[in-house]
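Which chain is which? They are A, B, C, D, E and F, in the order written, and residues in each are numbered from 1.
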Amino acid sequence: MKSLFVADIRENQPVDSLFLVTAKNHGVTKGGSGYLTLRLLDRSGEIEARVWERAEVLGREFDRNDFVRVRGQATLYQGKVQIRVQDIARVDESNVATEDFLPKSLYDPDAMAAELVTILRGMKNPHLRALAESFFSDQTFMDLLKRAPAGKTIHHPYLGGLLEHTLSLLKLILKVVENYQGIDVDLLLVGGFLHDIGKVYEFSFDRAVEYTDRGQLLGHLVMEIEIVSEKIKTIPDFPEELAMLVKHMIVSHHGSLEFGSPKLPQTVEAVILHYLDDLDGKIQSIQSLLEKEQGSRWTSFHRAYGRNFFRGPAREEKEG
Amino acid sequence: MKSLFVADIRENQPVDSLFLVTAKNHGVTKGGSGYLTLRLLDRSGEIEARVWERAEVLGREFDRNDFVRVRGQATLYQGKVQIRVQDIARVDESNVATEDFLPKSLYDPDAMAAELVTILRGMKNPHLRALAESFFSDQTFMDLLKRAPAGKTIHHPYLGGLLEHTLSLLKLILKVVENYQGIDVDLLLVGGFLHDIGKVYEFSFDRAVEYTDRGQLLGHLVMEIEIVSEKIKTIPDFPEELAMLVKHMIVSHHGSLEFGSPKLPQTVEAVILHYLDDLDGKIQSIQSLLEKEQGSRWTSFHRAYGRNFFRGPAREEKEG
Amino acid sequence: MKSLFVADIRENQPVDSLFLVTAKNHGVTKGGSGYLTLRLLDRSGEIEARVWERAEVLGREFDRNDFVRVRGQATLYQGKVQIRVQDIARVDESNVATEDFLPKSLYDPDAMAAELVTILRGMKNPHLRALAESFFSDQTFMDLLKRAPAGKTIHHPYLGGLLEHTLSLLKLILKVVENYQGIDVDLLLVGGFLHDIGKVYEFSFDRAVEYTDRGQLLGHLVMEIEIVSEKIKTIPDFPEELAMLVKHMIVSHHGSLEFGSPKLPQTVEAVILHYLDDLDGKIQSIQSLLEKEQGSRWTSFHRAYGRNFFRGPAREEKEG
Amino acid sequence: MKSLFVADIRENQPVDSLFLVTAKNHGVTKGGSGYLTLRLLDRSGEIEARVWERAEVLGREFDRNDFVRVRGQATLYQGKVQIRVQDIARVDESNVATEDFLPKSLYDPDAMAAELVTILRGMKNPHLRALAESFFSDQTFMDLLKRAPAGKTIHHPYLGGLLEHTLSLLKLILKVVENYQGIDVDLLLVGGFLHDIGKVYEFSFDRAVEYTDRGQLLGHLVMEIEIVSEKIKTIPDFPEELAMLVKHMIVSHHGSLEFGSPKLPQTVEAVILHYLDDLDGKIQSIQSLLEKEQGSRWTSFHRAYGRNFFRGPAREEKEG
Amino acid sequence: MKSLFVADIRENQPVDSLFLVTAKNHGVTKGGSGYLTLRLLDRSGEIEARVWERAEVLGREFDRNDFVRVRGQATLYQGKVQIRVQDIARVDESNVATEDFLPKSLYDPDAMAAELVTILRGMKNPHLRALAESFFSDQTFMDLLKRAPAGKTIHHPYLGGLLEHTLSLLKLILKVVENYQGIDVDLLLVGGFLHDIGKVYEFSFDRAVEYTDRGQLLGHLVMEIEIVSEKIKTIPDFPEELAMLVKHMIVSHHGSLEFGSPKLPQTVEAVILHYLDDLDGKIQSIQSLLEKEQGSRWTSFHRAYGRNFFRGPAREEKEG
Amino acid sequence: MKSLFVADIRENQPVDSLFLVTAKNHGVTKGGSGYLTLRLLDRSGEIEARVWERAEVLGREFDRNDFVRVRGQATLYQGKVQIRVQDIARVDESNVATEDFLPKSLYDPDAMAAELVTILRGMKNPHLRALAESFFSDQTFMDLLKRAPAGKTIHHPYLGGLLEHTLSLLKLILKVVENYQGIDVDLLLVGGFLHDIGKVYEFSFDRAVEYTDRGQLLGHLVMEIEIVSEKIKTIPDFPEELAMLVKHMIVSHHGSLEFGSPKLPQTVEAVILHYLDDLDGKIQSIQSLLEKEQGSRWTSFHRAYGRNFFRGPAREEKEG
């Protein structure tokens, strides 16, 4: 576990901690001596650092994308805190806890996975239950599901975020269907479970969340179709029409063509899935922004949603 | 209560029932004798009718927009059923049950109103409770609320539809907030209660659902702002910021400018209200279309949503 | 082979030919006798027909969607030719040549298929060649490919249209790539071959071209991903990255999200495929409209393209 | 009155003047001594300033959002002028002329208000005249109207700008209606008067023009509806239909839903108001940009209008 | 001058008047005798007519697009008035007054032209005056200008409509510029004069207003550029920059790319021209719709503007 | 020919070469001495430079937009290479090779022009051949055509780029038309030749590619109409309809109104021209981006096309 995180570094504080090097540039002072400009990252943020002394020697020891141990002093430069480095050295990946470098869900992945399994095992439709089981028994998939983020930035963008979002959605579905009659709950639950599972391959998330080539060229929606087709083929007597309906849930869950669904939701269940998925993502995203920016009445501008958000008196009171 | 409804009239059936005349045109046959072409409406639909005999005499007795008693025979003409009228006479409005001419909610308006009142009296915020009470004690408003439709065609387009939609939305809100923390439930409930109340003045609904002039020129959203401002002024010490937040719920509930909200939802509660309002309307609208067109796998094209809907095997099975 | 086609029926002509019944409605004349209103279809168009005599007896013999032999006389009614039926009787499907009822390509499907196979066997990339072969050796697929239309109305909407369009596109690709360097021709050819193959399942085309349920709910693009994944799995050592690129050709070939591609073309080859596919479809569609409406300088309004087209003097001269 | 404005400060000039501090950051030089980086504003613009000496002592004396007296020297740094501060001290707001810090209209607010009153007192419709008078006799409102800007940046973004725009619009209306028959001039004038009055509460404009919370959450259009409803209620016998038409002018004046009007203009007068309002704003905005950037043929890019503007030879000649 | 116009024909009225035949179709009655269905047009509207007797003989005498003298009787058929023709015969074009068949402006074209000339001769800029004169002295152009409509349907769609719109626009410009300083009035006037002159070739308007081939393929905007280029070349020493600015007025007057202007207005004058042109067209169009539909509070739906219009009490009062 | 280009300058390298000065700013060091900050450009890119010594004296010798000879040393500053200038002096334009400062096509302009002439002389239509010849014999035009770029940034943005694009398009047309029947090849070739020729006046390209005033205010499309009208007038008996069709090719070649074509393509030839023009530009633009960024799998974000591009394994292999 890291001793000090970027977000906690204050002016004049001594620094001794692990970071990931995301940029490394050489410079020459007016006096002619070399120096290094670095960007250092951990899960709480990024900070700039300068190596003024022994820059050439120290610089030979590490590269961009390496983990390093940095010792130095925090100083203010042009109104921003940066680290004046006294010593820096490469650290082997095996000595680093990934969680220090990627933010992660506040909830325990195993507990979340258990709750999700319980909900889906409660379905009445034996074919859909069998489909869910085919994923539960796929250990590689389950391990990825417990770690994958739901996105790079927009909502649930942290380790375990995909599972957290999926579980929240399933619980939301269970509540919402109580209000209506004639909904095919099992179809809706399976749709909720599978709608984003392609994200386990759309992103790589070892040191930072990045799109994979497949993620860029095919997208999670198309990869989900492939994965689900594959699984269904392993289940005896899976009804063809049911398979089509499950895939339609996936194909249409973005809700409109311009958001990347090649088909509009054309069943009640697909319409509901689209709304609740979107709503769950937005609530998480807005709440997390409000939490991050406590103390101000208006959040900064949320680029994806095109607006600022207002905290409101009830929340202010609660936050004291 | 009417004896026979338009939707139930079959070829060759004798007809004797009350209708509203929505069109009345004179014609002359090739042989030179006059006849009448009528359109007759009740809550179940519209049908064409012809008066071939005594057209001149009978035609003097009634006009467009009158209720009439019609006796005759159902026949097929160009593939459609129409009524060949033998006798027709004006009927006084006092002898007509409005419900025969306007479709109405399947639920009892008084029971729905009582449930709505109970939910809103459960709010903790005394100011919002007082605001709700100011509506409950306004008898004129409550009477309108029990009768108003939620629209002309898109969703809940029948007497009591506004109340049915509002109540369903409140119950949905209560379920959804269980899934999240930090939501201002009372603000959300009051927003759900008030978001469409302007519709009691946006439409007239005595013989058919029509837009009023104010409805056309101002819209329900703007009228709601006026109504709510008015009510808030009658409540001592209503906090100004809370008033602003309630109005923001109304102002933003259509979710985007191009759908007629002059402001985007900028609080978590306003975002949730928009989604759940939209979802509740869509579910009702799609389910009612599926119900109306039982027997076909695909519904006819839903103009407002721009697509057909698929019934699905679960629903087919249930419907037998 | 039918003796007389709808498009050739003229006023006062005697009629004796086979048709498909697409509508059948009962009526009653003012005089009280029953009659039938029919719509009769063959590959050249649709025509209205009336059975005035023995309507009840004749009407019991056939239903909508049946093939029938019709004898009667062509007459003008309200400016349009219709058939006054003297005799009508059901004909067994086995006695009907489907090609009489669905328009078909002017080119021989076997010859087109042979040319397509030759082109694709000329590819240098052994993996892509193997992928193509996996389709060639799938007899069911090849039979469907030879019959499938490329659409219901927009372009190549006739039996064999999909193959005609695919072949034209491959030949166009071969010409275009001569003008540029550094294009991966084989990838482009395979993309051209596979970009629309899902249409063999998106449509049913036994008596008329209709969307299948899968076609409506999933779309041809998503079905192609499934089909291609399947085939690739049967080919040993197919490189994973190549598979991804082939699928990207399919996923992006509509060129933009609002036209149903969940991803934009992100390789030069995908960009080219999108343009040439779109261009080939448009040329066929416009030329066929000009041909159909010979004699007028402007075509009727082309709904899908949102404009009329101008014939131009060169074409007029050629058509003499 | 300030002695020296930001826009007039030149390299090497001694500085002694009042400013508003809009940013204040601490730094540490490589040598280890502290310094301050400031941003100083007045109505003519913003400038950067550095305190290199006695930074700690001087920095204790003032904060962001304070008015200060600054003595120092203008120098060039990276191609931009900045102030090297020798002395800086807080100044009490009572010793500051607000007009030095917010740009204001070139026209006298009292004279503009008088002209506006005269125009509106010339209306023939007694109800609309009474409505106008109800605003004239509201001293708080009239004081705000004389000071409010018409916007933050787009058009008339300075003290008195709202009144200047409103008056210009009324005069424009009077000219335009001469060209047409059958226009309800009084309705148009009242619409012109009221269409933006909500801006007196949409913005705060004490030290800088900022959106208020209500401005952000409700918008000026909705606030105008509230204000006008309020005033109308104080006028005996104000015809209900006239009230509706006045409000429609307000509700629709942005001209389209995507620009924030929940209803399209549906009377001739509302259509005219929308066009003339938009035109007046655009003319002011473009002319002020041309004036500000005298000497160049093309203005810089106007973000709100999405283009550059061309000065043209006539204007160039006039400007000499 | 025609004796009776379509708009004035009432049920049972005898008819004897001239019409243009716009459709002519042959039919056969159930009894086997031939009849003709016609559409007859004059400037006030279109009406259906039937020839039941001597149809074959009479039908040989005339064709679609001929002028005819029709004698018969007005009767009601399916709620619409139609003419039962007793006699019909071709009339030579030389015996027909075009104004009876095309609606025309209420204003005298010569008087309008004179007023337009006077306004433009008042310009101070000698080059622009010379440009205007080059059009005044072009007799062919002036004759067309006096007759051309401003459109097929949207605004000023009648003979002389182009001149009426142009003159109204010039007068509007003269009024509006009084309200602003620094506008190049002459440039604006010339822009107003020339912005639509291409319409004299975009439409043919001998018997009905139709698009010409050039009108369809090039559009009036592009034709104006050609015409103005041509004229400018005949004027000695016309400054090149001024020519460019005049053309920019034309090129940008539709105001946005999606309305067919390849460039946005980039001078103040071009911005003003776009607004006033659009406003003048809309006012005429709405007022004419209100006039045509006197008696109803709401007009029918205006397709081009996407809404109904409300008459308002002031207008109702005036109209009595 | 320049000795050293910006793109080749490396840290610590001595510099002695010619550049264009695009920015020149004065600064003062903390020590109080003056210095200069410059931006220097050649065809390969831009670089920053500093004059620390004798800044005042050297600075008097040259200005922005001058060509200069610079001697100094390349150093790293904040991670970027810049030039520390020791000597700098103005160089007369006559001593500078323009090609050193503007990028140019890899192909010989005379050879390209010759090929283009040959293709167009192969047309069968004598009128279109004459039209082409009227351009070939216009030496001023041909000289401009050989030098003009096809754009500022998007595609073929270098000297000779317009000719390179035009020629590539003509060759592409010749190949594509082999695949279809009934295309008017000559019309298509002339359209391809003329579709962008207005760009020779839309841009100035002496020292850098810039829009001219006419380019900004009229656009190349409108200027082409003028040029082509002019040329056609010099050709005896050029058929009017053919002239219209040629102009339609130009007017519609951007393919849609929002991309600046006032008319949609309404002939088959205009449709084809639009597609092939767009495709040729995109291929060049993407390939050049891939070439420039060799070594990375994904290109940087292409702003005009709104995406990154993927290199793909075939290209990677070829590039080694």
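General observations
Methods note: contacts are C-beta pairs under 8 Å (C-beta built on N, C-alpha and C of every residue); 3 or more make two chains touch, one makes a residue touch a chain.
In this text the structure is predicted, and so the values were computed from the model without any measurement.
Any chain that touches chain E and also touches chain F is listed here: C, D. Using the contact threshold fixed earlier, the set of chains in contact with both chain C and chain F is A, E. The equivalent interface to A-D, defined as the listed pair sharing over half of its contact pairs by residue number with it, is C-E out of E-F, C-E or C-F.
Comparing the centres of all chains, each the average of its CA atoms, the largest separation from chain D belongs to C. When the CA atoms of chain A are superposed on those of chain C, the rotation angle is 180 degrees to the nearest 5. The chain pair C-E and the chain pair D-E differ in C-beta contact count, and the higher one is D-E. A separation of 43 Å divides the Cα centre of chain D from that of chain F. Chain A and chain E have Cα centroids lying 61 Å from one another. Within chain F, the positions touching two or more other chains are listed as 213, 216-217, 241, 245, 248, 266, 308, 310.
Pairwise, the chains that touch each other are A-B, A-C, A-D, A-F, B-C, B-D, B-E, C-E, C-F, D-E, D-F, E-F. The touching residues of chain C, when paired with chain E in their complex, are 11, 75-79, 297-298, 308, 310. Partner chain A is touched in their complex by these residues of chain B: 168, 171-172, 175-176, 178-180, 182, 184, 187, 239, 241-242, 245, 248, 264, 266-269, 271-272, 275-276, 278-279, 282-283, 286-287, 290, 306-310, 312-315, 318. The touching residues of chain B, counted against chain E in their complex, run 23, 25-28, 37, 213, 216-217. Within the complex, the chain E residues that touch chain F are 213-214, 216-219, 221-222, 225-226, 229-230, 241, 244-245, 247-248, 251, 257-263, 266-267.
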